[in-house]
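In what follows, chain A forms one complex with chain B and a second complex with chain C.
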Partner chain A sequence: MTRQRLWTFQHRAAPYLFVAPFLILFCVFMLYPLGRSVTLSLYRSAGPRAQEYIGLGHYAFFLSDARFWTAVTNTVMYTVAFVGLQVPASLALAVLLNSQRVRLRNVFRFAFFAPHLVGNVFVGVIFIVLLAQRHGLIPKALGAIYSPWLEINWLNDPTWARIAILMAALWLSVGWGMIYFLAALQTVDRELYEAAEVDGAGRWSQFWHVTLPGIRPVFIFMVLIGTIGAFQLFELPYIILGGPGPAESALTIVMFLFQQGFEMGDIGAASAIGWLLVFMILVISLLQLKLSGFGKEEGR
Partner chain B sequence: MSGERHEGTEARRQGGGSDEATKRRSDGGSGFGVQEGRTTEQRTNDPTTDNGPLTTDPTRSVPRCGTYARTQISNHESEIENRKSKIETTHPWLSAMGSISLHTVLLVIAAFSLVPFIWLICATVKDQADFFTYPFLPWGHLGRLTLDNYRRLFAQEPFFGWLVNSLFLTSAHTVVVVTLSSLGGFALAKYQFRFRKTLQIIMLATMLLPSQVLLASSYELMYRFGWLDSYLALLIPGAVSVFGMFLFRQAMQAVPDELLQAGRVDGCSELRLWWEVALPIVRPMIGAYTLLSFMGTWNSFLWPQIILQNPAKYTLPIGLANMLGLPQYQTQYGVLMAGTLLSVVPVIVLFFILQRDFISGLSSGALKG
Partner chain C sequence: MARSIASAVFDMSFHLGKPVLTMLVIALITGAGIAMRPGRDRADLVVWVFAVQHQKAFVDPLPDGRPSLAAQFTAETGKTVDVQLISYRAQNIRMVGAFMAGLSGPQTPDLVEIEINQVGKYFRPPVDHVGLIPLNDYLRRPGLTPGRTWMDEIIPMRFTPWTKQGRIFGVPHDIHPTTISYRHDLFTEAGVDLPAARTWHEFQDACLRFQEYWRARGFRNRHALDLPSADGQWLSMFLLQRHINPIDDQGNVYLTDPRVANTLAFYAQLVSGPRKINGESTGGAGAFARDLVDGNICAYITPDWRVQFIKDYTPVDEHGRKVLEGKMRMMHLPVFEPGDAPTTTLGGTMMGIPRTCHDPEAAWKLLEVLYLSMDSNVGRSRDMMILPPVRSMWEDPVYHQPDPYFGGQRINEMFIELAPKVPARQVTPATHLAHAIFSVLLHDARRYIETRGTDGLEEACRRWLARAEEDLKRRMAHGEFSE
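Showing the complex of A and B:
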């Protein structure tokens, strides 16, 4: 009898028990800090101990702070450049690799994906040396094409420093995006291509009218993920340029947050910047979803 | 990869196949589900088609049509054959040219992608004088190659300690996170319980949040717990992965209810159902998520940078970033590169082990989007 009861109990309680460890940790380390960061953003603090209530003071201050806007401008410029280059490049690579004539597809796929296995910090260290003025591999290779390029001072010139960060970021993530697009391309119905071919559609119009509509959800997903990720840029400039870079050309929002919170020690300010970041990401994501008409068709 | 997918469909068919497929289609389910549904359907009801979708419908309606329609159709068909044959008769040497140029383009891109790796390997075995003199290896003087950089790395820095720390932290974290996520995902996918919907909505909302908003308040929490400079701060808060829960929820939906029911009849406890029935079915997802989680922890920088203070407790990214700041490594680039190479290799090895699972698991995750 008790055995029977124990049996029904474990069946009834199972889902709750399975979710419980996750739920407890989720509440303590996710929901609580989330709420706490709202109240924390209303205080000025020096380390975790000394705190002084200032209301919306942080928000008012940062919204009129020149350095904060430098960080926002830098981040937005980087995001536009990164997503604008990464998504088309990944897609192009996936289309090339998806061609039925490709031999050794798995070898190529690994070759393109491999950089993504290297962490941001390690990529940063590699690129510092690759970019060393006059001696690094990249200036040497560029100098062989056009000799003045040998003298480019990659890490000390504001414009080149930004390009350097972008290069490292693209090396890291184009192959990663390709994996997603490749998976999406393989779900597009082959018969649609045959039908298009029969109707006399060329390669280019097949791409526009069959491929792109077929992979639309993944395309939108990649733009969205790319944007959200790019907005959180921190490690690459922090490692490659050792901080905000020449003339603060690579000061990003997260780097600004890190400086305010953990170099100057005002974790209240860091929370406020965090919420400003959340707000910006939210607005841009919703805008992108709206522009792409996501959710209107197909009842997804 | 396609092999895996076929296995999946095969399993579904046996467990009440087409019924399941139509159900999934009608609830508009996930992209992955829709795709599988479509393949099953094609297999079952179109043995007649071999010339593509255009011809099937007209042929079926032939008996009802008049002669005019019939001739129209046959004209149409011959036109299609005509065009198809035109497409197929491109000159063989032209297609060979296309194939060569395609592979040339791919090779050039692959070179861009792989050269930094090759350069890195070469950089670790050159001595300081040759480091910048030769872009790759000093071909004329191969006798000058040396393992000094590695020796110095282990002698000058507690690099071995960092490597052990990283291996320990990353494996422990991965085991915990995969266990909790698969258990939670199983419950979300296969049980009806109260607050399930609410929980999922809250989880989804937090998934879009940039984690940096939690940085300051989590730091304060760790300070209150007394976990600063402790591995607890790296292991415990990170054990929650909303993303992992959703991945496993997605994968676990493929576990047939009949199989679970049969297990219950045989006297399996719910925990054993998870371990012995559900986990083997979602094996590719375990592989994929293990790699994702391993990579994430192995490479993570910002949180450990804030938490860890004692150099003996550093992980590899923190250790290397610190070496960058030291004046002696402004010249000893070889040592720095040796450290970088050794930090990258473990992830690549794991990738090779889990490659098959990773690609198929990641693909199904992508199509969910």
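Showing the complex of A and C:
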């Protein structure tokens, strides 16, 4: 009898025990911090002993704060430029390196993917050296073409600083995107190309009418992930420019969040910005999915 | 035998595949290794510093062979000391995190160095909740000179950055009086007597003559002065020379002071337009030293900490001498108008005792050894050549030697002369916001000059500053605690 009850208990409890490690970790490291950040965002805070309840005060303040909107504008500008360049560049590289005619394809694939392996901080440091005024490789190369370009102030001029960040981000991520597109390209049915060729379609027409529809889910995924990643831009400007950059040209939303949390010491305000960011990313992602018609095919 | 074991391992089946098995084995081995690794014993007192020179000054043996400052303290008290070097950014994030989470114990130090641009945020809570211990009582203890307390011995204005509502939360490490160093050989060749410039406008004229001379000889990239084109902190340094802190310790904002608009407009003309005299070096100290050697940048604003810093990065010639030895000279800062200070200050560090420190009395004793003892001067002068804020230490002969790098000038005597005249710098939680505003306005002013010239520039600066002040006050009100 006892054995039977034990067996019944074990039978009932086993599934819960199996999922328990995940659930415990999820609750401790995800659910609780998320919940805590919601409550924190309702407080003005400077440590556990210095907290004042202000309700939705942070949200109201930031939504009417010019500096917050500067951060939003910078982030949106960067996102548009980043996604607009990264996705086509990754796709172009993938198409190129998917061709049988390119020799040493695997070497090139690895070479283009390699920057992604070293991470943001390393890439940031490399770009500081590459762009150092008068001494960096890039100013020297440009200066050899036209001597005033040696003096371009890549890191202290707002426009050039933005370009520098974009260059570093692209260098880091184009190869990564390429790998996804390569995988997608290899799933496109070869027979479709043959059929298109029989129908007299040229290279461009094949790309437009066969390749792109064939890799559409990955394309949408790349745009979505690129957008979410770009909205979270922080490390590169923090390393390369040491903060929000000249004239706050690289003040992104996450940089603003960091400043509120760790330079102003108000973790409540930082939490509120975090939730505003979550809301923005959610709206943009849903909008992108809606505009791209993602999921319609599956629904049919 | 080994072959058969290897064969057994490679031939056996694992239903998730060999890669997963390999990962599991590696995880088990490394996990066991980490679990069995003996933990590092915490010293009796842990000190966090963010500068390698500071750490060297505290833990390296003294040049005369005596033990290091930390070892001296241990020998005297029996308490062990661990001076941990933590990068500037990481240290601040960890300290803020520790204060905000109310951490104590091994996660927090017993003594911590904080940089002047970072200290404001630590003063955001009501004064009783600041994460550091007020040191006023400790500073009333006897100092180096008989009959005098530390409070009497330390230059009083250097307490202001580390003070909130009369409570001093840190002992200053330095004063950082500021001068200008310049390439004497190049200025002389151009026939420009730079130290003769008494005002900033005269200085700018002299630098323009210098640049014209060299540009006529094909040196198009030879710039007179190293100056960032859009760094609010540097504008603040100029304002301090005019005795203006953007925000004072009472929370008053001074952006609409007419001298702020005047200084902003002047600074913008130093870095843009037809009267531009600046160059920038963005690749760190090494690149800057290279620019100085190559004559791309020929003068730089020099707080005392920058002297040794630049020297260290200057290359040496075949005789082992610094290539700039004898070619450099130092001069006082010019002024904007009579009444301005002959100097200003840039940078600064304090050491404080976190409230979580388990033995504040021992921490204070260690602080005295590391910062305020005569022996602390030895490491300080060897590794950094930074003038201490304790007056009686200035008598040390090390501060009165001629410096061959500067053609035999006794540059430390110049710093000693200027030290008591450094204006009081006040740092509040919102000061960095003021610097951010300056950075944006400097950019706006530069654009104004590039598109419309200098007519009406100062008036435009006044308008921008009035708007910025309103915005800054709004921000301060939002972040302020009721004391």
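We adopt the following convention: the second predicted complex is superposed on the first by the 282 of 300 C-alpha atoms of A that agree within 3 Å, B and C clash if a C-alpha of one lies under 4 Å from a C-alpha of the other, contacts with A are read in each partner's own complex, and residues count from 1 in each chain.
In the analysis below, contacts are C-beta pairs under 8 Å (C-beta built on N, C-alpha and C of every residue); 3 or more make two chains touch, one makes a residue touch a chain.
Quick caveat: nothing in here was measured; it's all calculated off a predicted structure.
Colleague: In the superposed model, does chain B or chain C contact more residues of chain A?
Modeller: B
Colleague: With the two structures laid over each other on chain A, which partner does A:197 touch: chain B (first), chain C (second), both, or neither?
Modeller: first
Colleague: In the overlay, answer first, second, both or neither for which of chain B and chain C A:128 touches.
Modeller: both
Colleague: Once the shared chain is lined up, is A:175 touching chain B (first), chain C (second), both, or neither of them?
Modeller: A:175: touches chain B, not chain C.
Colleague: Is A:32 contacted by the first partner chain B, the second partner chain C, both or neither?
Modeller: After superposition on chain A, A:32 lies in contact with chain B alone.
Colleague: Name the contact category of A:267: first (chain B only), second (chain C only), both, or neither.
Modeller: Touch status of A:267: both partners.
Colleague: Looking at the overlay, what does A:158 touch: chain B (first), chain C (second), both, or neither?
Modeller: In the superposition, A:158 contacts chain C only.
Colleague: Thinking of the overlay built on chain A, is A:150 touched by chain B (first), by chain C (second), by both, or by neither?
Modeller: The answer is second: A:150 touches chain C but not chain B.
Colleague: Counting only touches as set out at the top, which of chain B and chain C does A:247 meet: first, second, both, neither?
Modeller: second
Colleague: Determine where on chain A the residues touched by chain B overlap those touched by chain C, and list them.
Modeller: In chain A, residues 48, 128-129, 132, 135-136, 261-262, 267 are touched by chain B and also by chain C.
Colleague: Could you pull out which chain A residues touch chain B in their complex?
Modeller: Result: residues 10-11, 14-16, 18-19, 21-23, 25-26, 29-34, 36-37, 40, 48, 93, 96-97, 99, 101-103, 108-112, 114-115, 117-122, 125-126, 128-130, 132, 135-137, 140, 171, 175, 179-180, 182-184, 186-187, 191, 194-195, 197-198, 200, 217-218, 220-221, 228, 231-232, 234-235, 239, 242, 254, 257-258, 261-262, 267-268, 270-271, 274-275, 277-278, 281-282, 285, 299-300 of chain A touch chain B.
Colleague: Quick one: which bits of chain B touch chain A in the complex? Just the residue numbers, please.
Modeller: 28, 31, 35, 52-54, 80, 83-84, 87, 95, 98-99, 102-103, 105-106, 109-110, 112-117, 119-120, 123, 132, 135, 180-181, 183-184, 186-188, 191-193, 196, 199, 202-203, 206, 208-221, 223-224, 236-237, 239-240, 242, 245, 264, 269-271, 274, 295, 298-302, 306, 317, 320-321, 324-325, 333, 336-337, 340, 343-344, 347-348, 351, 355, 359, 362-363, 366-367, 369
Colleague: Can you tell me which positions in chain A touch chain C when the two form their complex?
Modeller: Residues in contact with chain C: 44-50, 52, 57, 61, 65-67, 128-129, 131-136, 147-148, 150-151, 153-158, 244, 246-248, 261-267, 269.
Colleague: Which chain C residues qualify as touching chain A in the complex?
Modeller: 92-93, 96, 99-102, 118, 121-122, 124-126, 129, 131, 220-221, 228-231, 280-284, 287, 290-291, 296, 429, 432, 436, 439-440, 442-444, 471, 475, 478-479, 481-482
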